[in-house]
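Data first, discussion second: the structure below is written as structure tokens.
Chain IDs A, B, C and D follow the sequence of writing; residue 1 opens each chain.
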Amino acid sequence: MSASYPDLNVKLGPLEFKNPVIMASGTFGYGQEFDALMDLNLLGGIIVKGLSLRPKQGNPPPRIVETPCGMLNAIGLANVGLEVFMKDKIPWLQTLDTRVIVNIYGHSIDEYGELANALKGVEGVSALEVNISCPNVACGGMAFGTDPSVSARVTEEVLKNTDKPVIVKLTPNVTDIGLIARAVEEAGAHALSLINTLTGMAIDIESRRPRLANTFGGLSGPAIRPVALRMVYQVVQSVDIPVIGIGGIMDHQDALEFLIAGAKAIQVGTANFVNPCVGPNIVEGIRDFCRERGIAHIDDLIGSFEPA
Amino acid sequence: MIEQKTEIIFNREIARDTFLMGLRSPEIVARAKPGQFVMLRVRPGIDPLLRRPFSICAVQDDELLLILYRVVGKGTAIMAEASGGDSFSVLGPLGNGFALPDRHQQSILVAGGIGVAPLLFLAQYTRTGPIQLMMGFGSAAEIIALELILDRTMDFVIATDDGSAGHAGPVTDLLEARLNQDEFERDAASIFTCGPGPMMKKVAAMALERGIPCQASLEAVMACGIGACQGCSVKTSSKEGQTYFHVCTDGPVFPVMAIDWNH
Amino acid sequence: MSASYPDLNVKLGPLEFKNPVIMASGTFGYGQEFDALMDLNLLGGIIVKGLSLRPKQGNPPPRIVETPCGMLNAIGLANVGLEVFMKDKIPWLQTLDTRVIVNIYGHSIDEYGELANALKGVEGVSALEVNISCPNVACGGMAFGTDPSVSARVTEEVLKNTDKPVIVKLTPNVTDIGLIARAVEEAGAHALSLINTLTGMAIDIESRRPRLANTFGGLSGPAIRPVALRMVYQVVQSVDIPVIGIGGIMDHQDALEFLIAGAKAIQVGTANFVNPCVGPNIVEGIRDFCRERGIAHIDDLIGSFEPA
Amino acid sequence: MIEQKTEIIFNREIARDTFLMGLRSPEIVARAKPGQFVMLRVRPGIDPLLRRPFSICAVQDDELLLILYRVVGKGTAIMAEASGGDSFSVLGPLGNGFALPDRHQQSILVAGGIGVAPLLFLAQYTRTGPIQLMMGFGSAAEIIALELILDRTMDFVIATDDGSAGHAGPVTDLLEARLNQDEFERDAASIFTCGPGPMMKKVAAMALERGIPCQASLEAVMACGIGACQGCSVKTSSKEGQTYFHVCTDGPVFPVMAIDWNH
């Protein structure tokens, strides 16, 4: 059998990945942090930490709490900011032979546009992922992502300012995620990714204070997987653009649930903390699964869900 | 930095709720420097989900990584149940270690409880200038017998909160007394500390006041341990620019003057 | 110290409980199932399985899937129906010395009214809990609970038809739970309980079929606790009526998080399956916690949260 | 029905992926009847969250509860790691057992794989009429040696899917042959079965066709095991009224005619 059997290559509209396994924003740093541990080029893609125009220091500590089969984070989008990113991170990222996607975050619709514009034509950046769903920042962020018309406006603004494919990342903290998905699709997004974290909280019963200095944080990890899978399935039913599934994926079996539900690709977040080599392991696991079952192309698996 | 499955060679209680674990990892041992730590996955599976950070406490025979830990919660309770032959996934060595004392310096190591762990590796590694170790414990039952860990003897003093052994009171009393001795040469001394926040804060204040170089090994809740999640922030003392360090990659060891001790 | 120290008695408007630990609907049957295992009278209260006018057989199997630190259920409100409930369950329930609350569910707003009316004056029933949040039934159910005005109308209809205190149980599958809570409060509800389950899904990667015959199910258990606690805290800030906290409570420490956040009482659901004696254990755990810290009355703990 | 912490007296692999576990519980043993089951919490903590149901396979010395189990997933893999001295929380005995055969009846026990567990307890308990046990396994390596479990000898025949021992083919072949024998007296016979769904469906069909009373022990995913969650439904054969039984309290043993085998 040739090295390319089974073929794991996936096309998400204008975007092509050598395999459907992408590292999620905020959980894989700028890629470099994991370089010593694996061959990054085995991955389908890497989404860097959410980028803002100016550097952000993030929230006061504590920023992390472990919860049952999950964790809450209130990082507050700490990142190096556009300037340092362009100078210090981009050159190294350009040496990689995997898709690099930049996750962007603005305090206003204009800022999203500015960021998109600044990344226009930058070599080595394959796409933008627009974060309209971060629960850990005071202004904008999730408020944008819970309103269909604001979500659409952010999408349009980014599209106007970029030459790259635009992925919009949705928040699960809504009544009807299909509604937001359709609004963003109509605004012209090339793909959707979901879910971001579920807003949660934890209290220290001795001090009676919140366990996160920010009080609220985003819940991620296997705990949220059933909710994520449901939403991905719902959105796949609601839109025609490709969907990237995210939420609690720990191994290739979890990844396959999302692919079978119709996600064209998946992202791995919290699992990177538990097992820093999980990305290549999932690629390998998917490959073996397909090979053992004679599935020649991953597309034969994607969306193969059999309704009850 | 590597990630590997390592076999537990031994795991025994050496003081109340305090365990010493030996893990076979020639690869990590070869790279390890005092002040660095590892992230340990206490069992396969997803609960508990995150790895736990532990200082490297000592190394033995070029292959044994020693971890000294206190049972405080779910993860450490699971570790305490492990036995020889089991194995743990270990990620390390991580972080920046201590800036080592130079030949002519006298090193004062001030430990609060389990905070002694990274200081013991420093003591094991540093075979140059004179070292004095000051250890504080809650009570005599918690005292860690150094000969179980170190292959050298060293000068040490003990304080206990309840007075059941050594000086009755905080370990910082011992430090204060030492710093106030007439024969103490502050220009040739350097302090290394690890322990509970309030204790380190006090040590930092004493050192800063007297202009003695002092490094502290800090703790923070960590998800990744390698600089990727931005979770392990600690406030810097700087008034502008960078407001937070990340304990995992900027530390865990910091010069005390770089840290905002009021947070 | 007297037996009543600490005092765990809680008042939720017109409703008084000997302690704040209540067994959640659908997880404690009709109480009788647990009789051999514990003294039921140690509990603050028992909420029976969701009751409908006519008996319901529920969804086809499989109805249950275990998930990371949680479970999905798609029971479909299987229950004996009003008639059998009155004849077979009520007489036994009347012998208990604990609060019995009936959880009601209708296919239409009228049916809620009919059920409330049928339970009017029935001795031994201390209150009604109105389920406008079950995700596992085709019509009505959660659709009601995601719309503030419909939620309010159901509440009004029940209030019109009953002489008992009315607790309305909210769904977490909404963008802004405070909004629904306020609508229900304005409609006159005496108390709120939350959360019901989060809608989720799981797929069998071998058969590519849903693991639940109903495709979707409700996620419960410790996995959802951070989300539940956040919502309880938000609702406590949003309304003046008492709130009952539910979601992933496994032990007294978990229960205390909700009480400190401001819940006047808590409900224990999935934990009953894991440890059928968990209810009395939690009561005991709360008692010891208060005693050890010199907290004379549970009210001194409730809402004692210290914001960051 | 009680819930208690019970000590593991032994836990050993007696066939491929198949373990026999002895739990000390005089209280449950005193109440146990063939066909009943227990819900076992495979470890403290919250993952895996739910208890696992297991048939009572035998009892010994008025105090040992025997569980025969196959490692198929997360929970049973954890059980396989347990050793004597550990303890499990057990809830039981649960459900309704088999309606026992009367003195003059010949009992035919038809087991598919691990489904033999409840049938062995039936065999142990029933010391009256003649019993014949038919067991089907995937291959010889999975065959369970009865003398490890039962304190009596009994008449048995074996089938394996791969033909590595006994009859080559499904265990239902053995049943069919037996039922077709000239000397077989269907009026004095009664069938008891437990195993994979398709196998039991076939047994049920044979029994119904010939009018031989037949009881089957069913499985369903369970949360509570005591009738509280309504999770363990199985379709009834009745065209009106009750459409579902609950395996935990209405069963797990049912007369095959009460079940809709097409679901």
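The rule is simple: a contact is a pair of C-beta atoms (placed from the backbone, for glycine too) under 8 Å apart; a residue touches a chain by one contact, two chains touch by 3 or more.
None of the values given here were measured: they were computed from a predicted structure.
Engineer: Please give the intersection of the contact partners of chain A with those of chain D.
Structural biologist: Joint contacts, listed by label: B, C.
Engineer: Just grab the chain with the largest centre-to-centre distance to chain C, centres being mean Cα coordinates.
Structural biologist: If we average the C-alpha coordinates per chain, B ends up farthest from chain C.
Engineer: From the mean C-alpha coordinate of chain B to that of chain D, what's the distance rounded to whole Å?
Structural biologist: Centre separation, chain B to chain D: 55 Å.
Engineer: Hey, how far is the Cα centre of chain A from the one of chain C, in Å?
Structural biologist: 34
Engineer: List the centre-to-centre spacing of chain B and chain C in whole Å, with centres computed as mean CA coordinates.
Structural biologist: 47
Engineer: Can you list every residue of chain A that touches 2 or more other chains, as numbers and ranges?
Structural biologist: Within chain A, residues 68-70, 221-222 contact more than one other chain.
Engineer: If you look at chain B, which of its residues touch at least two other chains?
Structural biologist: 46-47
Engineer: Where on chain B is chain D touching in the complex?
Structural biologist: 45-47, 74
Engineer: Which of the residues in chain C end up touching chain A in this complex?
Structural biologist: Where chain C meets chain A, its residues are 67-70, 72, 146, 173-176, 198-203, 205, 207-210, 212-217, 219, 221-227, 229-230, 233, 248, 253, 256-257, 260-261, 289, 304-308.
Engineer: Considering only the defined contacts, which chain B positions touch chain A in the complex?
Structural biologist: Residue list for chain B touching chain A: 1-3, 41, 46-51, 89, 91, 220-235, 242-244, 263.
Engineer: Quick check on the complex: what are the chain A residues that touch chain D?
Structural biologist: Checking each residue of chain A against chain D gives 68-69.
Engineer: Could you please specify the touching residues of chain C with respect to chain D in the complex?
Structural biologist: By the definition above, chain C touches chain D via 26-29, 33-34, 36-37, 49, 57-66, 68-71, 73, 75, 78-79, 221-222, 250, 270, 272-277.
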